[in-house]
Amino acid sequence: EPADAPEEGEAAAEVINIGWIGSLTGDQAVWGNCEKNTVEMMFEEINENGGILGKQIRVIPYDTRGDAMEAVNAVRRLTSQDKVAAVIGPNASGQAIAISSVLEDMEVPGIATVATNPKVTVDDNGDVKPFNFRVCFIDPYQGAVAAGYAVDVLGFSKAAILYDVADDYSQGLTEFFEKTFVGKGGEIVAKEGFKFGDVDFRPQLSKIKEADPEVLFMPYFFKEVALSANQARELGIDAVLMGGDGWPSEVLLEMAEEAVEGSYFVNHLDFADPEVQDFKDAYTAKYNLPVELNGYLAYDAVKLLESAIIQAGSFDPVEIRDALKTANVKGITGQININPDTHNPEGKDAAIIKIIDGDYVFQQKYSAD
Amino acid sequence: MSAFLQQIINGLSIGSVYALMAVGYSLVYSIMNFSNFAHGGVIMIGAYIGFFLMTAFELPFIAAFGLAAIGAGLLAVTLERIAYRPLRKRNAPFLYFIISAMGASIFLENIVIATIGPTFRTYPRVFSTTPFQLGAISLGRLDAVMFIISGLSLLLLIYIIEKTKTGMAIKATAYSIRASTLMGVNTDRIIFIVFGLGGVLAGVAGVLFGMKYTVYPQIGFITMKSFIAAVFGGLGSLPGAVIGSILLGVIETLTAGYFSSQYRDLIAFVLLIAVLIWRPSGLMGKITEDKA
Amino acid sequence: MDWYYIQGILILSGINLLAVLGLSLLTGFTGLFSFGHAGFMAVGAYTTAMMTVKLNMPFTLALLVGGLAAATVSLIIGKLTLNLKGDYFCIATLGFGEAIRLILDNVQYFGGARGWPGIPRETGLMNVVVWNVIAVIILVNLIKSRHGRNMQAIREEEMASQIIGINVFKYKMISLAISAAYAGVAGGMLAHYTGFLQPRMFQLIKSTELTIIVIFGGLGSISGSIIGAIVLTSLPEILRTFHQWRLVVYGASVIFIMITRPQGLMGGYEISITNIKKLISHISSLGREKTTVGGDNK
Amino acid sequence: MLKVENLNVYYGGIHALRGINIEVEEGQIVSIIGSNGAGKSTLLNSISGIVKPQKGVISYKGKEIPRAPHRIVELGICQVPEGRLVFANLTVKDNLIMGAYLRNDKKRIEEDLEKIYQLFPRLEERKNQMAGTLSGGEQQMLAMGRGLMGDPDLILLDEPSLGLAPLLVKTIFEIIEDIKKMNKTILLVEQNAYKALSIADKAYVLEQGTIKKEGAAKEILQDKSILEAYLGKAH
Amino acid sequence: MTTILELKNVTKQFGGLTAVGDMNFQVKKDSISGLIGPNGAGKTTIFNLITGIYNVTEGDIIFENNKIQNMEPYKIADMGITRTFQNIRLFKKLTTYENILTACHYNTDYSVLDAVIRNKKFKSGEKKLVQQVQALLEIMELTDRKDVVAANLPYGLQRRLEIARALALQPKLLLLDEPAAGMNPDETIKLMRLIQQIRDEFNLTLLVIEHHMDLIMGICDKVVVLNFGKKLAEGTTQEIQTNPKVIEAYLGEEDVIC
């Protein structure tokens, strides 16, 4: 349903625009769609309960096709023409970094959902970018958690990595997994790459099999995880598989239930949490689709924004930004406590999930240090 | 040694995936002389048709497979009607066909995203996932099936083109639509047949890919590699397409296995250039001296 | 519409236009079809950024270096592939584009696939316009000279071109190098507009977009390329409120244009004062012309 | 047998044929002469359906011809086109077999193939060569042979002697007369007006898209103005 | 008269087929020579060898004392040899004027840079070209068709435009491959006159392939007859016309000239 042009005059004062950007088309559309649905569902609920500060909220979602240039255009439009109070999204670091200059030009805050590159909120010199925020944890953290858990808790010392060379997220996780794993005395016995779009991983896996690792780290998204896990088992690799927050999805279990049995991955939350259940049920009831991981983070982004607006007592973007800097709100993925120096959520423990009998079973909260 | 053999098997199975796509693409190329970039889109739709027939309509695999192939054939023929025929009637240069094909490919991918949604869909399991085990070497059942099917479709196509009257008319039409018409060939029908055959092959490939790799709107992107493979083998030559595909698959696998998986595609590209410098029309392509 | 937003679209159109002008020389005027121009943009973008970020070079100079770098790379590629015909050349350039991206994905010095943030933002509407004006002037002057005519002759009939003494290979190289240089400068402007570079900005789809614009505007027409770049960069923006239907409409419009106007918008014609005059006189003399054209060839 | 009434063809703004009327009777050779660009090929192409006339009626054996060119071939009308248009990517033999595309009588096709080889021994020598690499004249022979393989009733010949050696030109005209004896009808477009007129029964002179003159071929051959304009006798 | 072109033992094979075998002949400067022979005798192949489109299998082609066999076609054009094609190859989408203008490119030498900055060198160069084109259009009687796209010209004019385009190079040796094909006798006679006129005005040497014997016999100083890739005869037009071998292989018993 296309968003209408902003209304004129008094009526306009009654409705506040909030922007969302992300992939509704292109290869990341699965995740983008879920985010958009979540954001729209939540604001509908907020509006039904009287809105924020007594005002109704309208969500204006724009597609970016997963392209940084499109993201820039979309945010330009949101901030200038649609006069949004804040932007939620996007769901990838490349776009999030590209839009930061527009946010700064127009002085509108943006809350990224699943942009895990550290550079999304801080620049090269380590200075925080004034208008960029996020609700997820960052690549180094996730990579370190996975490596730490593999060495310290599971007691592995020989790891292999298969990663997507064309994907920033995958490269980020790989880099920090490797660093931590080696730092803790482990050895990387094989590190193989593939390129986004590949569907066959057997050449790399055959090589990994030769290296005989105890654990195989797979920092990429569930479709490739499912394919590569199946192929790994087919080739007779019996190492424990590990991954990051790209894993959780119903598709993974449908496609590779047996292959991923007994695997571990780093997640933002425990899916069995009762609070999570309510959201999941509501979402599935409304859209007849499973919730992807991005949905939970979009949920938290909305929560964070709502609380910041209430705290600011205004829809002025700069005031919202000021409130965001010190926001502290309970989200679905844990307590979101924004650090004013990094604009990242602080002290968010990661949840370690193990796949047991075709189910995501929460193991423990774990934090890297 | 067994690792090496395993890599060869891996290469052959990847190669047969490329081959399955490359023959359909090469067939259309051989008559229309342009790269049908919408071929991937047709493969994708074929995969979806098979999926929905098996899940929503609960048809048995063979029926779904056949219907998906026919459906994809019809789609290819429809695309020809809408996107290419008007150009053909005007004798437009090949560039225009390519652009039209790209438009079609963008259209197909996004119409699926907009209507069915971008979600990944998993085919019901038809073939057991336990591979054939030959000592330490394993061969997936679906891979074996694909290998056989690409071989069979190649033989079938070669038979049609080399041994039947329709085949000769296809070659004649490929050279000159106008002259074929003067021989009494219904060139529209020939082109219909060629696109239909290409589409049916795309449907077959689509269902097999869907089973192997799940179904999603971008599944057709795999065809990029098969285009390269077809060029490798010599555009328009069906045996060339298959040989090019198998070679590309094996080369990629060996590069990834023994050199660098990160730079695998780079090496495949360098090899492609090397082959083209050595033989400017690919391995099996005819080298024709331009006669003045 | 808000000026800030329009400005954004114009800057992007301008950047696209610069690359499209180059491609127009190669495809529209020389008859070579490339799927690797995103690769040349990437070379230009990363080189320019390296100049400004790592060597503190002034932006304008850095852009020139970026264009030069892309041209140099194109000469190497051209040397190897320009003898190939039709689709073989296409696929070779396609492979080149993908190869460049793959290399950039792996080179950690430039941030690899994770990208390279913190590039100074120097590109504004002003310098985009200035560069485009210069680019158009160079291109028009080139095309309306013996060198440009030689390129068009090659597009029309290669063997006859050789027979009238045109060094076909050399002119293909010149055309490729100039078009790569344009793409390189466009890439440099892109880098300094977003302030961020990532190899996935230069995917195959970028190359095909450029080609679509050239053909959409009309092969062999510079005014067509200009109109095409602006229309096709704005079209997705105009369709923005269609959300996921946007690209469905985009794809359908591409097909529609191709089948209804297969020569593209301008069909090889240029907008110029003389042509407008010609058109007027043509219309006024239509009746007369009908009786004089015929089989008279004495 | 063939009747063309008030035929008008435009190429964009060019009015190539302006109300042409011609009639061809069964078993005759009818010749059309005229200078370059007069519209001769356009006329033949209209009959074979390759060019769609804007106005006018073409009827064959009393019935209007269908629009699709391949349907016209089915009626037994075959054109040997200007510029030969042989299938460069097929062998000489396959080209000839393509000529018999609509026929299913395998045995007679074989026989006809032998006949063609007798008419043009050069083609038999080269039967496995790709047609694209034949010399110009060889291609012309192939185009003729291919046309005959269709066993048509009405043959449209567009400049069959173009590019042929003098000896072969003679042979070609002999063959045309032979074809006539096989009870076929021929519509012949030729630049070699003298030769064409001497074997034709009837002739038309086409100039700038209109018929300038028509009549028995012998009469036209005597016409002084024609001699001057087309046979170069004035010089 | 000096020899401008000489073929020495030139052989060209295609696979097993010898299209031209051990060919020897000379072309004198400022002459008009004819190259005739049955279809498929190897005439066009010889043109393709001289202009560098094909490489020779064996033998030397000598032009003004330089060996030119196997050189790149554009270099051969540069040395002063050009041709027309049996199957017309014009720049189809360009106009008559542009076709000739393009071919004139050799007669000025401004660089890419000169063109881009439009300096004096460029302007005077272009001016020269424009005059040259005008002159050629006049001579070839194409002025009134100068803005017609080549593809839309009638066949005969297309042939004439090919000659005009070749003349634009100011060649020393011009090869014409069946220039009268598709012309009626009247037009052929006009073409003959034109060829003679060109030779005189441009100081050209001409080598002509033709099957119209009236043209060959009317203008050639010398004729070479080929058969099956070999030289069958060589001599003046009278000698050729009465040579029984030529009559048997090519001309036919009865005099076909009309």
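Residue numbering begins at 1 within each chain, and the chains themselves are lettered A, B, C, D and E in the order written.
By our rule, contacts are C-beta pairs under 8 Å (C-beta built on N, C-alpha and C of every residue); 3 or more make two chains touch, one makes a residue touch a chain.
Only a predicted model underlies this, so the values are computations on that prediction, with no experimental measurement involved.
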| item | value |
| --- | --- |
| Contact-richer chain pair [B-D vs D-E] | D-E |
| Relative to chain E, chain with the most remote C-alpha centre | A |
| Gap in Å, rounded to a whole number, between the CA centres of chain B and chain A | 36 |
| Averaged-CA centre spacing for the pair chain E and chain C, given as whole angstrom | 39 |
| Geometric centre distance via CA averages, chain E-chain B, whole Å | 47 |
| Averaged-CA centre spacing for the pair chain D and chain A, given as whole angstrom | 74 |
| Touching two or more other chains - residue numbers and ranges from chain B | 110, 113-114, 224, 262, 265, 290-292 |
| Chain C: positions in contact with at least two other chains | 102, 106, 159, 244, 246-247, 295, 297 |
| Multi-partner residues of chain A (at least 2 other chains) | 24-25, 29, 33, 165, 193, 195 |
| Touch list for chain E against partner chain C, complex | 51-53, 72-74, 77-78, 82-83, 85, 89-94, 98, 101-106, 108, 110, 112, 115-118, 122, 125-126, 129, 145, 154, 156-157, 165-166, 168-169 |
| Chain D to chain E touching residues, read off their complex | 11, 14, 33, 35-37, 83, 122, 129, 133-138, 140-141, 159, 162-170, 191-195, 228-232, 234-235 |
| Of all residues in chain A, those that touch chain C in their complex | 2-3, 24-25, 29, 33, 61-63, 65-70, 72-74, 76-77, 79-81, 93-94, 97-98, 100-102, 105-106, 117, 119, 123-124, 164-168, 170-172, 193, 195 |
| Residues on chain C engaged by chain B in the complex (per definition of touch) | 27, 33, 80-81, 83-88, 90-92, 94-96, 98-99, 102-103, 106, 158-159, 204, 208, 211-212, 215-216, 219, 244-248, 250-255, 258-260, 262 |
| Chain D contact footprint on chain B (complex, rising order) | 165, 168-169, 171-172, 174-176, 178-187, 288, 291 |
